[in-house]
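Read through the structures below before going on.
What follows is chain A paired twice: with chain B in the first complex and chain C in the second.
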Partner chain A sequence: MVTNIKFPLKVEQLETFIKSKFEHHSEDDLIFSVYTHRNKKIAVWGIKYLIDANRLDSALLAPLLDHKKAWKSSLLLNVIPVENGVISNDIDEMFEKLITGSVFIYIEGENEFVTYPLAQQEERSLDTSETESVIIGPQLSFTESLSTNLNVIRKILPTTDLVIEKLTVGKVVPREVRIIYMKSVANEADVNTIRQRIQEVDVDEIEDSSALKQYIEDSTLSLFPQFLLTELPAHLSYTVKEGKIGVLAENSPNAFIAPSTFFSFFETTEDTYLRWMQATAFRLLRIISIAIALFSTPLYVAIITYQYELVPTALLVSIGQSRSAVPFPPIIEALLIEMMIELLREAGARLPTKIGQTMGIVGGIVIGQAAVEAGLASNFLIIIVAASTLASFTTPNYLMGSSLRVIRFPMIVLAGVYGLIGVMFGICFLLIHLLRVTSLGRPYLSPLYPLRLQDFSQVFFNPPPNKKSERASMYRPKDQERFSKEDAMEKRDIEE
Partner chain B sequence: MTKLFKLFWFSFLSIFLVSCVQTQEIEDIGIINAGGVDSTKDDSIETTLVIFDFSSLSDNMTQIITGTGKTLGGATEDAELSSINRLVPGKIKLTLFGEEMAKQGILPYLDMQTRDARVPDMMYLAVGRPTAKEILNVDESEISKDVGQFLHDIIENHSTDHNVPRKSLQDFLRIYYDIGQDNVLPIFEVQEKTPKQIGIALFRGDQMIGQLTNDDIMLINLMDRVVKDKVFELTLPIEPFKDFFEKIEQPHNRNDLDLAFFIQKGKSKTKLVDIENLIFETNTKIQFRLIEQSASVKLTEPKVIEILENEIEKNMEERFNKLLKKLKDYGSDPFGYGRYYKRTREGKDLTVEEWREKYPNIEVKFNVEVELIRHGATD
Partner chain C sequence: MEINLSIKKGQRIRAYYLFFVIIGIQIGVGFLSAPRYIFEKAHQDAWVSIIVAYLFMILVTKVMFVILSRYENTDIFGIQVHVFGKWFGTLLGIVYLLLFTSELLSLLLSYNEVVQVFIYPTMPSFVMPILLLILIVYSVLGGIRIVIGVVFLFVIMSPWFFPLLYDPITRMESAHFLPLFEASVVDLLKGAQTTSYSFFGLEILFIIYPFIDNKEKAKRPTYLGLTTSALIVLVTTIISIGYYSPNDFDLLDWPVVSLFKSVAFSFMERFDYFIIAEWMMVVIPTAILLMWAIVHGTERIFQVQQKVTLYVVAAVLLVLCTFINSIVDIQKVTDFVTTFGFWIIFVYPFVLLPLVLLKTKRKVSKEVRK
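And now, the complex of A and B:
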């Protein structure tokens, strides 16, 4: 077996060498054609399924063989109408490019070969978002193709201020990663931190941007996601304008945004498109649902098991009536129903939509009706579990929503074991944890802690446009002013 | 290492301390909703308890159980024997004392309940005639509610319109330990199969010593709070209005004029005028609306309004004086004049015994000032 070769060499030698390297691969996949042009042998090779065959024929082979004069490598670059041609003699690099879809031309007797990238990009078309659906505003979501995604981002933010840095991660499978930020707004320290963290990821490969996110997050043990994952280009561009940093990776339909605070997971881009009052009401609703999602079932368990005194008498009677047929202690009852709901959710996520619908109906009937009639659970609990499940689904971000759903289970156990004291214990644990978590070194619970009163209006409410002249200070943007407060909304209507 | 230790400690607590907290699953406890305390002939106590029992599958969730013993605790223990579940007092809304019991004094039982942290301090107190047991054993189908909740709601809802005195355990004990004031409690009796408030029990210390009529509670309320939105009736002599009847009216033959009023706002201020002779002055201001009259008087004439106001003032003052005389005879001071005396320098060391001695000798000048603010549309 030939281990290495040196240019210049015979075309036959080259063929044997390349084919020997491809020993275990299917021979059919490698095209190695030899043409004779003006008494010079010219070899053209590439991998069949990676190459755009039409362009190979029309743009490369046709001008190559129709040429009137004898070829030289340098001449190729000037004549062949394909962009990004490179002259090289590095054999290792050749193989790397071969498997990403390049075509190579070697003219016998030359000291180097010429490379043209002719890869055929197989990608799905742009589609509307599935996991983060919006009612009004841009519906577009990212695809697996990085170039398409960058194209979309550039289209939304056509400004030279937008910087898209290129990095590569993965030793065995190198993958392209892009950092996106606004040069005049983003905090430089944050940009440096995230660049450094990505560069220092020393793994064989990253599957996707959400996997990269897990490698570079501040705390892997935390219950909460520290970087916001989104599949909406509109969301990414909006937060980039705020001075945050977005990261996109090849082969990944998600971008992540850093730094992100706990409350930023409850903001949607829709808040910007709705009128401010409605948007404020909905955002408050989402923040209240955090408490409903986390604490309603644990409180039910704690109160029914230990602190019956807290229930008004009339309510106590109706709870007691629906509980009287249930043979389990409240904690088992609650875990059972919560488990059913989680099973339903997980099964629904895995099944195709058509079957999923049927299952939803069956699950709904089983949980809603049959569980009560069979004496497995009380009516009251079904309502409470339904409310808390609904509340957890109002979270716009899927990762945060699933965090909240998972945290509920230890809370229920604590409530069943120690009652309200247990619930308080859980709340304290959560609060202490939230206080300690950071996102890219910035406090996660900001603006609550550290207290940034001037950011309250932007985080908990959605103020009217003229009150949004400043960016949130908690991310420490380089440039805090969005626009001039006085002039921005001045109306110069003609009075009649 | 510390993390591991923390984790160990956490799981240790959750596994080994689980049964340290006593569970009170609502279907495994008998929740006492109301209790009654009666004295029996042989000097022991009989307690009647209305409990919620969710362990049974029957539609009727309430049960009435009784027990006897020498103490309230013993009687409750005895009652527990006839319940499937352990009894818990966390939801007691009302304690009824039988009339006999109330006359003997109720402090020992209140004291026991107030020291039990599980018993709500907001539990209402009332007197049952002839016994608490009879009231609590009323047929529930007649009142379509469990009797404890029924009595609790009567006190709760009617006390806001000042018909029923609302005294929680905490209120009763505060007034009891305060020098210079006495308690009143509602008296319930079963009438036509339904419990009804038939009067007000007057207490001296912790003993019931007499009874007032339902109307008197308004006068007592006027003394210590702002009375609002209360309807009350008055009967005035017809004489002063003789010349002011509407012309279309048939000659009015009756001797008096019945009127119904709606008190918009009424409040009083009491001053101790003469410490030596214990002369008090109570100024009461009432704004009211006239809502009903048994004969049409010409209300358009300013003079009529003036006469009306004067007559009401006279009538009210008379009622106050009559009530005070009755109270002095009983030796009980629900108006709380003793409090005003104790506030002075001379009375600051006042003891209960001293006030009981002085109380019959006090003199009060009642000045009632009423203002008719509306007599047109009523709502």
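And now, the complex of A and C:
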């Protein structure tokens, strides 16, 4: 076997060498064609399934063979109408480029070969979002192709102020990662932190951006996502305009956004498109839903098991009647039904969409109705579990929603063991934990603590657009003013 | 030991958090039984005692501020070493640490007692202390910023139950307050001294002062905090006096809890259970501030790693809570803390003030001041 070669050499030698390096791969995949042009042998090679065959024929081979004069490597670059041609004689680099879809031309007798990137990008077309659905506003979601995603972002934010930095992560499988931020708005310290954290990821490969996110998050032990994952370009551009930093990776239909606070997971871009009053009402509803999702079932368990004196007699009688057929303690009853709901959710997520829908309806009715009739659970509990499940699905962010659903289970156990005291312990622990979590070093529970009253209106409510003259100060943007308040709100007298 | 402390920028807190710190540390389990003990001493004039105690407390705070302002940036440990010299100053520092530890112990014991009496009579007495200590250790591990954060958040989240007092207010009996000013001056002062137990925690100012970023604004939030917690005690005491007959006070150990018994809605009643559980949120700020003071103080005096002190103190408290479980013993601990704390918190600053003024006037200490 030939271990190394030196230019110039015969085309046959080159062919044997390349094929010997390729011996474990399928021979058919490697195209190695030799043409004779003006008594000079020209070799053209590449990998079949990576190359755009149409362009190879029309843009490369046709001009190559139709040429009237004898070829030289340097001449190729000037004549062949394919962009980004490179002259090189580095054989190792050649193999690296070969597997990413480049085509090579070698003219016998020359000291180097010419490389043309002719890769064919296979990708799905842009589609509407599946995991984060919006009713009004842009529906577009990211795809797996980084260049498409960048194209979309640039189209939404056509400004030179938008910086898209390029980084590479992964030693064995290098993957392109992009940091996106507004130069005049984003906090420089934050940009440096995230760039440094990505550069310090020293692994063989990362799967995609959501895996990268887990490598660089502040705390891996916390149940809460510290960076916000989104598949909506509109959401990414919206937060980038606020001074946050977005990160995209090749082969990943998700971007993540840092720094993110706890409450930013309950904002949607839709809030901007709705009228501000409705948007405020819905956002408050989502924030209240956190409490419903987390505490309604545990409170039921605690009160029915230990502190039933809390319930007035009339209500207690009806709860007692519905529970009269149930032989289990409330904690078993609650865990059973919660488990069923989680099974339904997980199965619904795994099954094909068409079957999933049927199963959801059938499962819901069967479990709800039959569990009560069989005496496994009380009607009352079914209502409470349904409410808490619904509440957990109002969270616009899937990762945050699933965190909330997981936290419910230890809460139910605490309630079953220590009653109201247990629930209270859970609430206190959760709050202390949220206070301790940071996102890119910034407090997670901001603007609640550290207290920033001026940000309250933007986080908990959605003020009318003309009142939003300032960006939220908790992310410490470089430029806090969106627009000048004086210019935007001219004082007018009553019209005569 | 360095007299003056230099605190990193990331560890400093804004002055307005003092408002929450003061309320957080002053309102604890003692508050639940305060009306009863004050009533014991001053009867229907208990509210006068509270006002007297409040005025005295304001005076003490003024003295504390004067003492602290004589130095650049220090706490009680530094001041004592500076005034009394290394050995005696350290010894007095240890007295403070003991005060904090015993306050924390009494807090854990009395909350455990309330829970056992009202909700779980048969619960082993180590369960509640374990739950509380988990929360305390977890927050103190986060450092001063997290401690202040927990105090702030819990203080703003707890007072939702105050509107429920509308019900006992409508059932108040104005005759219970008559005759006015029947109690003698001695009784009133005794009542004021008993009230002081509810105002314990004031001494945290001596420890937390160097951490405040904008010291020139520290006074107003402190006085506002003191006033708010005094008002809370005053209002609940007045409601208690009006709501209960004098004989009731002999039977009720925690009159404030029982105040909530009468509130009833069509979907929920017996709010006293809720109050007991919710009180965990009121106890935690007090407890973590005390624990933080212990941990920080030990590091100041003995240069012990904070984590070591934290775990050791938590373990010792847990063992003590397990063994002290009879009502008589708990009462002994509380009585000890009441007396010990009264002298240290309310009397000692007046002793310290002239000494500090004398000491800081001398030439030698000029460099310490500036």
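Definition applied: the second predicted complex is superposed on the first by the 488 of 496 C-alpha atoms of A that agree within 3 Å, B and C clash if a C-alpha of one lies under 4 Å from a C-alpha of the other, contacts with A are read in each partner's own complex, and residues count from 1 in each chain.
The definition used in the following text is that a contact is a pair of C-beta atoms (placed from the backbone, for glycine too) under 8 Å apart; a residue touches a chain by one contact, two chains touch by 3 or more.
The structure presented is a predicted model; accordingly, all values stated were derived computationally and were not measured.
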Exercise. Regarding the shared-chain residue A:Gly419, is it in contact with chain B (first), chain C (second), both, or neither?
Worked result: both
For this session: Quick one: classify A:Gln321 as touching chain B (first), chain C (second), both or neither.
Result: first
Exercise. Which holds for A:Val173: it touches chain B only (first), chain C only (second), both, or neither?
Worked result: neither
For this session: Once the structures are superposed on A, label A:Tyr306 by its partner contacts, choosing first (chain B), second (chain C), both or neither.
Result: both
Exercise. Which holds for A:Val362: it touches chain B only (first), chain C only (second), both, or neither?
Worked result: neither
For this session: Answer with first, second, both or neither: which of chain B and chain C does A:Ile5 touch in the superposed model?
Result: neither
For this session: For A:Ala291, decide between first (touching chain B), second (touching chain C), both and neither.
Result: neither
Exercise. Just chain B (first), just chain C (second), both, or neither: which does A:Ala349 touch?
Worked result: neither
For this session: Could you pull out which residues of chain A sit against chain B in one structure and against chain C in the other?
Result: 306-307, 309, 314, 418-419, 421
For this session: Mind listing the chain C positions that touch chain A in their complex?
Result: 14, 115, 119-120, 127-128, 131, 134-135, 138-139, 142, 146, 149-150, 152-154, 157, 264-271, 273-274, 276-278, 280-281, 284
Exercise. In their complex, what parts of chain A are in touch with chain C?
Worked result: 306-307, 309-312, 314-315, 418-421, 423-425, 427-429, 431-433, 435-436, 443, 445, 448-451
Exercise. For chain B, which residues count as touching chain A in their complex?
Worked result: 14, 18, 21, 23-27, 29, 31, 33, 52, 54-57, 61, 88, 90-91, 93, 118, 120, 149, 152
Problem set entry | In the complex with chain B, residue positions of chain A that touch it | 304-309, 313-314, 316-317, 319-321, 323-326, 329-330, 413-414, 417-419, 421
